[in-house]
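By letter and in written order, the chains are A, B, C and D; residue numbering begins at 1 in each of them.
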């Protein structure tokens, strides 16, 4: 039985969007090669211990902070709020939740002003800030535009053992659900939630948590993602291509998952859809639908379900992990006891069938 | 020890290019759905038992004949020759090889004139013709251009137990090698051969043969291939997407393999390179190089190695199969006894390393 | 001196986005050919006098209504508001402005409920509604996806003689400026304003007004826009391609302008940028910057500045036109008295130079 | 009356393809910026006076030589022949034509061996060679792949006053016609000729000649061409974008024309079609067809018709120019006495109509 997070009586902060992530990396030079030389992120500032990076179309100081440290981990997932007052609102909100908070008027990292960091009820380190240094927005700097150019931070994805618990907490915080994956009994295995007008600013994936599953950058076109793969082949690091490229069922985005030198997972993502209307239809996918995670039915590699980055508490120590109480998405869809279908009972589209009809699998497929 | 096909003293026909394939299909309506409704091939002519199809930029009558029959098979792989006299030259050449031949001045299929069909030394049914009915070349009929438009027949791919034997026979016939896959001992596992100025008009893949591995159509751009995948997802036939999309190591083309209702394999292919110079460099790939068949290191599904279409003799009966004498590419690269590497001994590029150094695999990868 | 529209003391409605336009067309069959057969918009409903069309990713009833009528015109530009109460808020707001309003609880067109239409202070017919019939969102119906697929209504563009007056009125209404075009004296020639998180929901272009300059649909990729051009060539209606394709300076979008059978201008548009942050930087372009309207410096055809669609009052009569008091953008940038530059005084980027330095023109260019 | 070049009784050399051009440039550093920094061609070798450049997929030493000199000009257009003996065959052939020839066993430029240069009957400097140094073919060096990557030299285009005379000479030399532009009287204004299996290795454009109209590089996709435009915008050199991007009528290729610092015209080109069959259909376009040079009907800028590069004789002196005897393509299609049509008499496709029916022009178009 889910022990839901209580709903504070205080209003939540008005969150604008996911804004940046701080990653602890164990070999800064290797990480620089990955994020700057391979992926082409733009350096706003760097010193011996830290690199601040941004995407082409970003105008605040950074979307990613790489900080040298002994244990690879996600140090914080930061959200921008609408007004300076929303930082105080966030602080009060989390204090009402009983969460540990830390406020720094001068900010926690370069380029960001007054901010509050919290250990949230799921164990994740979140930051909320409004003040940010504006830097050159490189949107039309096509002289800097690489074949695989990343143009925007799109979203985070978090691993948590109890997805319904996390979903309720994030909805209280003001996030809206765009899509989810459920079984016929109504169990939710994953959920996508947004503040900006895309499919998500963050998502919850069921698993041992709290861990950070990935952060995602947006590109302009599908061919930009293919260019990243081709370059990784040329650099003979194709073993860091974990999954894809492919078309997501959920979100409809064209995607790729790659792994940085510490195993932090990065998604490259393009062309999801507008979700800004108040009655934007929520899409529920059947967990047995073979096209839910890859529209082309290509199998999800096991590591994608099992591996993720540790997250840190406010003292910089890795958070301990808890395991899910129920069965996992991988268990119910793959292997001896699981099943999936490509076509539901009557060839129905997503969200309707429950797999008792014609199914259809890849010849040679492992899913 | 390979029992090589002897070299005739007669000159071979001057082959221009692969031109069309005739496939026997068991359910013509289902095949029409696949090739016309899904893939958008253009119908030149059809009746109750046969459909003649062509690609957008073709000006001869067809690139594909679908013929209703009891057993799914490839009935013929047809090549166009440079002059009418080359048909007689082909007939004489194969008779000198001791091959069974059949000449029909009126052609074997609609739209094609004087032609000779042969049972070649590898057991494959080949046709050679010059005369062909010209039809409207639809190159600029963008009113007919679908999102996944196929614009040209690109190549065939044949399964044969003894690749070096087949290679020598095809080189005698005038084909030139563009790329191959070998091991350190010099064993050739697969070879690509061309007449037109692309990487291949046909290729040989080691396995139980003679069988037809696939036929391939060219598209203009990578996004056209993605559109085919997306459409197969929408039609809930993603289980017919066998492998890809991906970037080939060999040929550098962007590719996709899909299966028609009879299991005939179709490749969609784009952007290989020019091979027309007389000294075009041959590329030899190490069989252990994990990027040889997919530049991004994505695993080859087992069915791709094991499944293929039967071929017919000139009486329309399936040819019996022979097995390779040696080990297979799949055996030497996958599983308990096989191995592959992403990086060779010193991070070298293709064709140089032999896998005794750092290797690199996908997390969760099966290759 | 601009006679500004006064600011009501009432709160404006919370506008979500531009939602649909109703166009009067003189030959419904010809318009259907253009919007359905050529552009591939999806028919939600049609009868003898009206066609309701939507884009691939739309979930409300329509984005475009074509209504047969004697005089080609834009009948209304409709915005969706956040709540049912915002319709009343809109009605009160415009009444406070002294504008004529008409409320219909059952809606003005099929698929839309309670709505208010107004004759706004600039003479434009605006509609505000919340209630809308949900229809199948075709996002993943790739079986319907054409090579030039339109996926979203992106924005309107309106012609008005006094742009600063219009800007102030729209900002009062809650729109936020993303970009504008000014001269050194601070005269604004055009302005882009948004509610949703893109560059605009509507824009103001200086000229004889009120007229509707165009409505714009979004595609996924640049190649989709090229496909529309190619198809218009194949249909031998390339004379309906008015301007482009090209890259906008303002908005950075890849664009195309085409003309429907009545001369209504349609833009096809892709890949502008995120504007959702509260402090999104406003970009001001110098009117003399030759790359402001086309990043590649291709000339704007004169018709693009001079032609536009009439708009109707609430009785369905065309609104009379007023002329600008000052000089036009075309006058100050083209011809004997105008000038433009490609490079500013010191090779500066947009928004900084005033053209007294090296300039650079197309050889043979007319701009 | 055309004074045709006589047909030698000797066999012509077996030409494989256009291989490289040598350009004289007046500011080598400025040219390097253009060809290396902007266009991303790869430097094989450079010294104080010369830069040798190649495209990504080239395996011979270079496709372009930039040589510092006092007068901007095209020094030679070089073709590769099939065998070493074809160089002698070329020498003898041109001597039989009475042309001046110069043979150098060690080659004229670095990386090329035995070669003959000629002043051909049209006044152009041609080179024929077989021997060439092989260099790394960068096909899969995606770590070097820029957003606008050029992958192959595609063709030359030459300006000559008497196109039929030039056509007959080139056909004698072994070139085959793929497309041409004629009027109803049978006058040919331009012709495209090929050896390799694309639309052309060279083309003839009517005008004051001999001059070199342009050289063309192939890219993989349409988006690569757009990337070049975007980058030129970012560098504030959009005034060097002369024409396009667009879709050619002739060749069906997607194209762009840009101008180097000396005014040498470079085309970037992608996706024409296969022409390798012996009976490849020739396409004749009506000179009045508004879509012949741009499928979208966008006007050809006057400079494109009038400007071109001088060519040098074997002593390095510019060849004097002769003017055409008849009217020009520009004269018959544009302005007071010319006309064009978008739709022929009965809406017919290319090559059939003569413009006496409905015509159709761009609103505001200048064609």
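Throughout what follows, a residue touches a chain if its C-beta (ideal position, glycine included) is under 8 Å from a C-beta of that chain, and two chains touch if they have at least 3 such contacts.
Just so it is clear, the model here is predicted, and its values are computed rather than measured.
Asker: Decide which interface, A-D or A-C, involves more C-beta pairs in contact, and give its chain pair.
Answerer: A-C
Asker: What chain lies farthest away from subunit A once each centre is taken as the mean of the Cα atoms?
Answerer: Relative to subunit A, the chain whose C-alpha centre sits farthest away is D.
Asker: Just to confirm, which listed pair, A-B, A-C or C-D, duplicates the contacts seen in B-D for more than half of them?
Answerer: A-C
Asker: Report the inter-centroid distance (CA atoms only) between subunit A and subunit B in whole Å.
Answerer: The mean C-alpha positions of subunit A and subunit B differ by 41 Å.
Asker: If you average the CA atoms of subunit A and of subunit D, how many Å lie between those two points?
Answerer: Centre separation, subunit A to subunit D: 50 Å.
Asker: Could you put a whole-Å number on the gap between the CA centroids of subunit A and subunit C?
Answerer: Each chain reduced to its C-alpha mean, subunit A and subunit C end up 34 Å apart.
Asker: Tell me, which residues of subunit A touch at least two other chains?
Answerer: 140, 221-223, 230, 233, 249, 295
Asker: Please name which positions on subunit D make contact with subunit A in the complex.
Answerer: Residues of subunit D touching subunit A: 140-147, 149, 221, 223, 227, 230-231, 233-235.
Asker: Please output the residues of subunit A touching subunit C within their complex, sorted ascending.
Answerer: Residues of subunit A touching subunit C: 16-17, 57, 59-60, 80, 82-83, 134, 137, 139-140, 151-152, 196-197, 220-222, 249, 252, 271, 273-274, 276-281, 295, 350.
Asker: In their shared complex, at which residues does subunit C touch subunit D?
Answerer: On the subunit C side, the touching residues are 221-223, 226, 229-230, 232-233, 236-239, 241-242, 245, 247, 249, 254, 259, 290-291, 295-298, 301-304, 307, 342-343, 347, 349, 360-366.
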